[in-house]
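In the two assemblies presented below, subunit A is common to both, partnered first by subunit B and then by subunit C.
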Partner chain A sequence: MATFFGEILPVISRAVDDDDDDESFENLETYVKIKWKKEAQEEMELTKDKKLQANAFVLAVGPAATGFTQTYVTHKNYEIIGAMFCGMKEDDVNTFGQMSPTDKTCYIYRKCDYPSALVCECNYDIRPEYAHSFVNQLMSCLNLCEGHVVIFGSTFTSEYKSDVPTSDMNPPFMRALKTASFLGTPMAPYLEQPNVATGLPAQMLTYCHIHKLNAVLYMCYTDSIHLDFATLKTFQPLIESTPVKYMREENKKASETLKKIVDLHTKHSTLYM
Partner chain B sequence: MYIPADKKKSKSFEGYTLIVPAVSVGNVGQLAADLLISTMWLERCGFIYHDSILPLVGNDPYAHPEADVCKLVTACEVYESKLHQLVIIQQRAPFVKGKMSSFRRWLTSWVKENKFEKLVILSSMHAHERLDIQLQGPQFRYISTPDLEAENKERFTHDVLKWIPLEGRPSLEDPEGSLYLPGGGIAKSLFEDCSKENIPAIVVLVFCAEGDNAQDAVKLAYNLNLWMDLIDFKPKYDLDGKTIIKPASTWRVPSSWRLLFGTAVDQTLFH
Partner chain C sequence: QGRIHQIEYAMEAVKQGSATVGLKSKSHAILVALKRASSELAAHQKKIIPIDDHIGVSIAGLTADARLLSNFMRSECLNSRYAYDSPLPVSRLVSAVGNKSQIPTQRYGRRPFGVGLLVAGYDDQGPHIYQTCPSANYYDCKAMAIGARSQSARTYVEKHLDKFLECSLDELIKHGLRALRETLPQEVELTTKNCSLGIVGKDMEFTIYDDDDVQKYLAMIEGEERSRAAPPADQAAMDTQEGEGQQPADPQPADPAVEEQGMEH
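Up next is the complex of A and B:
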């Protein structure tokens, strides 16, 4: 395609030609693996449908959402019962113990005194192509019929379209979407058209919607590239959301925990000290 | 797989027409499907949950812009019109690379299983790939399986429609000229699959380039409507021939078409 100034540019189009079919995402099913702790597996075997009973399930996707759940929910009284692995790359930075908030991990936690409350914290971006397999494998092990699901995610304000300029929206701000089965009112305004949510949070909400589960997705729109205090603070009112209010653990040192998480993420992002 | 929205109501699509948009240049097929669904106020009858389509959720794309409710929409949904014996699939997210053939296989078996009468594929083609004769004149083309062609030949060539079949391109494999649809997404291979499986199918397309493709979508939907007679835009008069019972109508643009070029520019940039 020639432009007005005479330079030749490649034509960019979302239309993918048919011959692009012999490509890289062949082994989607085997690329995502879920591993349960022995005790959890034994419990599943004992049930009729080989699934764990879950009345409350929280899925936190991304560093901001997982920072929030680590501070207010899973910091105390929770045990790891499983993990999901979705391919690690050569340049991924991970500590040996996999316990630092900056490690690329996806652990499944269960509340010690409320065993049907589960939290899945996935602190790195899973490619949308793997989301289907991720959600199917995870949900095939959980029985959520009467339960509540809440999904926390974050994305950039550059993805948000509105009549109002972004600076007037006072980022970071929260938006919500819910399934038809959820009869309550979410604690954030609904995401307006033409905005959409994609990736793993969208896949989970789609699954819940199709299977008529009660679920809400909270998406935080932030203008900060790296995790910052303001973004984490935007999640804070959601400790009163269903079902988080039944699963939270009071954290007297919440501000310190938040600050530590932010510091860990900003260590390699400051250009000037 | 196809999941009905209301499992209690058992549904048969036997004899229905299925309209499938292909993710093609300018997304014209999908935009045209939006216009049809929006203008005919179609009801969602089910979802397609398939690992070949990337995930997406949003609020109701056909709601009033001022509405403040949440009616979730997902990546691929199915709408029906009992009146017109019509089912339209709307796909809002792209395919996973490498999984298009898996989706096509599922779709053709679903079409056969539900005994659809015919398949209409909405698509578009890169405008820069046009032949010289295609540069001027109507930019709308069609290509259909022989059975549909025989059935509709008179209508297609009639003055009202004047549809032009897509010109074939000679290639190394086929010097006579074969189907050439660059930028058409899965339209070509889906059409070929249908021909093999004896499913009556027709591809309708416009030539276009990426940009604001709303007008291309209107052109596609308008031509399809001329053939299938789905929506009557003319005003309806009373018996006296003067009083208007139903005013002339036009395509209803969904609220999801808003802000095509993103958020308005922050005017403080220019102070």
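Up next is the complex of A and C:
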């Protein structure tokens, strides 16, 4: 290709071979792996449909949502019964204890004294193309027919579209979406048009809607790129949401836990002072 | 729409930095800044930077851009002392920064500086507080706060604005620390680890107080009752519980009747 100034540049073809497409589809399904603890697997074998009975399920996606559940729900009386691995690379830092902001595991917790209450804490970004596989693999092991599902997520106010300028909206603020089967009223205003929920939280909500499960999605819109107190506190009223109010564990040291979580995420960012 | 988004994005970068407040009285200008928790392995990054004997700045935004601007300011001050044998007037320094900041907003291949500065200085005209912006605007201020959640600090400072002129230095510092405290959530307090102070005045060269040196000033406001510190969002939520307006920022349980109206919008 000749440019305006007469130099010749090599042209790269954008034509794609059909064979390439098939390969990438295969990878999508096998990229996400779920592993259950031995006891959990044995329990599943004993049931008719080979699934874990669950009456209450919480999915927390992202550092703010998982910070909230770690502080008010899973900090005690919960055991890990499974984990989901999605796209770990050689050079990823993994402390397997959610102690590093770059931890790339999702843990599935079960309440010790209420075994049909499950929490899945997913501390990092699952790419949208893997969300379908993630949700399918997870939900195919759970029997949630009579149960309640709640999904917590967070995203930036820059993704929020409205005719009111975002600074006037006093971020961080909460918005909700629900499935048709959920007959109650969510504890936050509905997400207004033309905004859409995306990614893993949306995938889970869609799954619940299709399978006629009671589910609510709470999305926190925040203006801070670092996890901060204000964002975590926006989740706080949701302790009273169904089913969290049956699953929560009182935490007398809540402030300290929140502080630790905020510090964990701020220490590693030195770009902005 | 006629908006230049790169400049607006750069101004958002300033809001990602932690809060800092600048105040002045008849005789002194001070800067107080909130430092972010940093790794124990590395030395603390400076939030307040000395520029000359009579000028200091505190930064909010991209650290590297701040370093560049403060080096530029230092060399301007040095040049003035060398050429004219007198300290550079603060307003001239700030306008030089403004002119330098405007260039990358209009040149191909460059981006605006992603940092806002609060400049505190003392010269023949008295104490000054200036604010500079990535948009290349600069403002001569009676008092100012920039950075994350700085709106609460600005509200405090607006409330007490008329007191500052006649304040003693200690009183001025107390006001500055209180304003900074407004930007913190209830669970977090100002400590020697997260707070920095810079003072310049008639007979006082620009001096920075860090770590233990701040303790004496923090002690002055210790034990004081903090204001309810309810951020504006909560106030709005409290109002809508009576089912009044359609505040979109409502995090509290929404009244079903009000919900229905919302859905029809």
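Here is the rule we use: the second predicted complex is superposed on the first by the 233 of 273 C-alpha atoms of A that agree within 3 Å, B and C clash if a C-alpha of one lies under 4 Å from a C-alpha of the other, contacts with A are read in each partner's own complex, and residues count from 1 in each chain.
The rule is short, and it goes like this: a contact is a pair of C-beta atoms (placed from the backbone, for glycine too) under 8 Å apart; a residue touches a chain by one contact, two chains touch by 3 or more.
Just so we're clear, the structure is a prediction, and the values are computed from it rather than from any experiment.
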| item | value |
| --- | --- |
| Which of subunit B and subunit C A:K33 touches, first, second, both or neither | neither |
| Which of subunit B and subunit C A:K178 touches, first, second, both or neither | first |
| Which of subunit B and subunit C A:S162 touches, first, second, both or neither | both |
| First (subunit B), second (subunit C), both or neither touched by A:K51 | neither |
| Touched partner set for A:E192, first subunit B, second subunit C, both or neither | both |
| Partner chain in contact with A:H75 - subunit B first, subunit C second, else both or neither | neither |
| Which superposed partner A:L200 touches (first subunit B, second subunit C, both, neither) | first |
| Touched partner set for A:S133, first subunit B, second subunit C, both or neither | first |
| Footprint overlap on subunit A, comparing subunit B with subunit C | 162, 164, 186, 189-190, 192 |
| Residues of subunit A that touch subunit B when the two form their complex | 1, 11-18, 20-26, 28, 128-129, 131-133, 136, 160-168, 176-180, 186, 189-203, 205-207, 209-210, 217 |
| Interfacial residue positions of subunit A with respect to subunit C in the complex | 162, 164, 169-174, 185-190, 192, 223-226, 228-230, 233-234, 237, 240, 255, 258-259, 263, 266-273 |
| Touch list for subunit B against partner subunit A, complex | 3, 23-27, 47, 49, 51, 54-61, 63, 65, 68-72, 74-75, 92-101, 124, 126, 128, 182-186, 188-189, 209-210, 254-259, 262-268 |
| Interfacial residue positions of subunit C with respect to subunit A in the complex | 13, 15-18, 36-39, 45, 47, 59-63, 66, 148-149, 185, 187-188, 231-233, 236, 248-254, 256, 259, 262-263, 265 |
